[in-house]
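My structure is below; once you've seen it, I'll send some questions.
Chains here go by letter, A, B, C and D, matching the order in which they are written, and residues are numbered from 1 within each.
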């Protein structure tokens, strides 16, 4: 499978996860989730609202990210995406850096809104293409945002699952761990076990991730691609071979 | 109130607490270069709620003593080499927050209240490292309900780039109403604009919703393309070639100095 | 989302906590008359931060059990006879606040936080009579620094009149951005508008700053002159003759009933 | 002195009090203070900013009264006006009603923003035309907003003085009382003493209130009257004999 094929499959996979949402917000530098949200809106009519931060089109906020955070607290955002330089088996994420704070090597950009949105958006999808022991660690070096909280902590949101280049895990809140739900066709259970630094539940018969519905894929490649190009021109060029400047 | 960019940055003194917006709201990059040329020192930058190339350049040029934000990100041009270098060499003090906490601190300042409560955060390591945040019990809950309280962040100056200003000192920020909060939370606000208009912006009912009143504004400099090389939401797209050139040059201290020489010190102010 | 005014008010059930703006922001008076016609009961009105003829009529018609605001004022047509009568007869419960406290309670709701601190108030008798407000010590002060904390006010529905809406459910509120807070603090928002437009309001960069997104809107009814007889900031001036007529009639219960008969029950919905 | 002459003199008197201000805010139903602020801006160039609440012209707020309150807390409003159904000698004001709350008879509209703005705006001018023992009482029945606060209460603002149809009093914060500063030409010390329900300091030689500067009065009647008419049409008609509907 080529890299661009895989990207398209991830887009279709995520789109299917967003069917039950009314409002999906996506970060400015998350082209695959962003494309997925635009695809889902086009294909299923839901999410009805897609907000891509930093975009002028596809963004109805008139108060910047403050409105995003207020909206999340109001319960008006159903799904969001977070990544992380490190993600551990309790769904803790680290966006700060490797090693001991503040002398991280490397230091990454910072925690952004993760320490807040992870608490307040019901369906947070962890998305990180790289599936390696470097990223998927036993214990993150710095908790930018915790995967689970004690009972007495106000929390209406949290991790729904973790999607990588190799697999999709569902997060089990009660057990505080991940369950391997499906393996992409380019990988195998052995490959997953070799490249995952945290413990997780799995069955020997973990199914393959279903191939994308051809109609969905076609819709992406025909109708949705222009919308993706508007927001993520570099990504669209790399993935769909479209020269944003010339079309 | 309509002054040159050099006069504008004169109002930003050494040690100022300078609030700047995230890249999508409009960055006063030409003013930032003027600030480096003037040799400002010991800035406390508040990136609202994140910052990018603007802070990277100021840090690299030695203008910054404290960086308070939730991220310094160059987006697809990450990592930020001079920021990383400064952290390694411990030449700047970091106050790491999360985005809504930066907003909450500014809103407390805007509202003249000492603090704002904020959900989330508990269990994040940023809490224990932050010099000021506290946890208190929600006084309106019967059950124990811990909540983080964020003290007011009170910038001396807010600085950004906007599409329009009028001769009365009103600035049109359009849908970037987050800049209104930034301005109201700061003691004064300095703005560079693409264009000056002759009619009063507040008297146009379709424009008024996006107008920052002159009450909040301390100075305006007319500076077309003032956000170059960054994307401006109401103007040019980012200059990707230039940003790639920056990324390449700034890997080393020498390369960064060459960059400053060519694009900051030798460039004429517009 | 574009529905009749009768359908719109169907969404306001008995016992609803209904937030309405101050007269200067645009009052949905025709919707208010429809609400009285429908015979709604036990409303908890939140006047943000004050209310006027709208609440006076609803109170007089027996639709209100609680009135929470910082004032009920008919401006130069004061005093409000049915409000005064209801207080005398103890038929409504009063929650008297001060204007910024109403805003603070709504902002807490908008931000999903349990409370907001607010300066002032200490030493005012409204503090001791308010059922919920508390005083706490500012945790960031070394000296004793008491400050009032205001719990979130969470309306079920916000209702107002605005200039424009589009077919996608976006509403243009222009410079009346206070309505944005009102809408975001409420579970849903119902709006009557002077005019429907066919183009998406958010896609017009000059309009966008004054647009309330459809995300927050539960229903829109097209209702030209929907704020009559009150002044509408983007439309007709108040109908002073009518307001004088109201003031005269509403002095007695019989007169008020006649007024309702003539101007509410027998008037056709637009 | 006719009533309209007196109103014009009050406008000029207040305008002189606003000279040292950058930003004056005025309530929607305060035509005399509003006219005074517009006059001062025209005559002295300061206040530079005048905000008349509820007005579309002469109002730069885009966030309604929320912006007024924030602005006051930021220290960006220098002067404001408050009235009261009752005002007492410690500058406590009552906007709630006569008698015991909540069974006031009569009940007035309510406390508005007084319980907040009185604490945060440095120069609050109490303005009430009626000068009687009914209004100027020994002790208000309900404190909507207190004139003074204990040392440990955060307070950057408060009463500057009290202007009525008969006199102007300065408030003495340390002594917590009013000092009679000047008596309008239609009144006398005896008249003031007869009609004031609270104790206040005064000298037997309390001067008359200075007559308005003729140029200031002329400016009001010529250039400023149209601006007043825009905001307060009924008031302009009554005071200046201008029919707003016909000009």
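As a working rule, contacts are C-beta pairs under 8 Å (C-beta built on N, C-alpha and C of every residue); 3 or more make two chains touch, one makes a residue touch a chain.
All values derive from a computational prediction rather than experimental measurement.
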Chains touching both subunit A and subunit B: C
Selected pair, greater C-beta contact count between C-D and A-C: C-D
Mean-CA-position distance for subunit C and subunit B (Å): 36
Distance from subunit C to subunit A - Cα centre to Cα centre, in angstrom: 40
Interchain centroid distance [CA atoms averaged], subunit C/subunit D, Å: 28
Averaged-CA centre spacing for the pair subunit D and subunit A, given as whole angstrom: 58
Per-residue multi-chain contacts in subunit B, two or more chains: 111-113, 118-119, 145, 147, 175, 177, 205, 208-209, 211
Set of subunit D residues in contact with two or more other chains: 56, 61-63, 67, 69, 73, 120
Chain pairs that touch, as defined at the top of this document: A-B, A-C, B-C, B-D, C-D
Contact footprint of subunit B on subunit D as seen in their complex: 23, 49, 56-57, 60-63, 67, 69-76, 120
Complex contacts: residues of subunit C adjacent to subunit B: 111-119, 132, 134, 136, 138-141, 145, 147, 149, 151, 173-175, 177, 205-210, 234
Partner subunit D, residues of subunit C touching it in the complex: 21-25, 49-50, 69-73, 75-76, 78-80, 83-84, 87-88, 90, 94, 96-101, 103, 107, 118-127, 129, 143-147, 175-179, 181, 233, 240
Subunit B - residues contacting subunit D, complex: 109-113, 170, 180, 184, 202-203, 205, 208-209, 211, 213-216
Subunit D residues touching subunit C - in the complex, by the definition given at the top: 28-29, 53-54, 56, 61-67, 69, 73, 95-96, 101-120, 142-146, 149-150, 152-154, 234
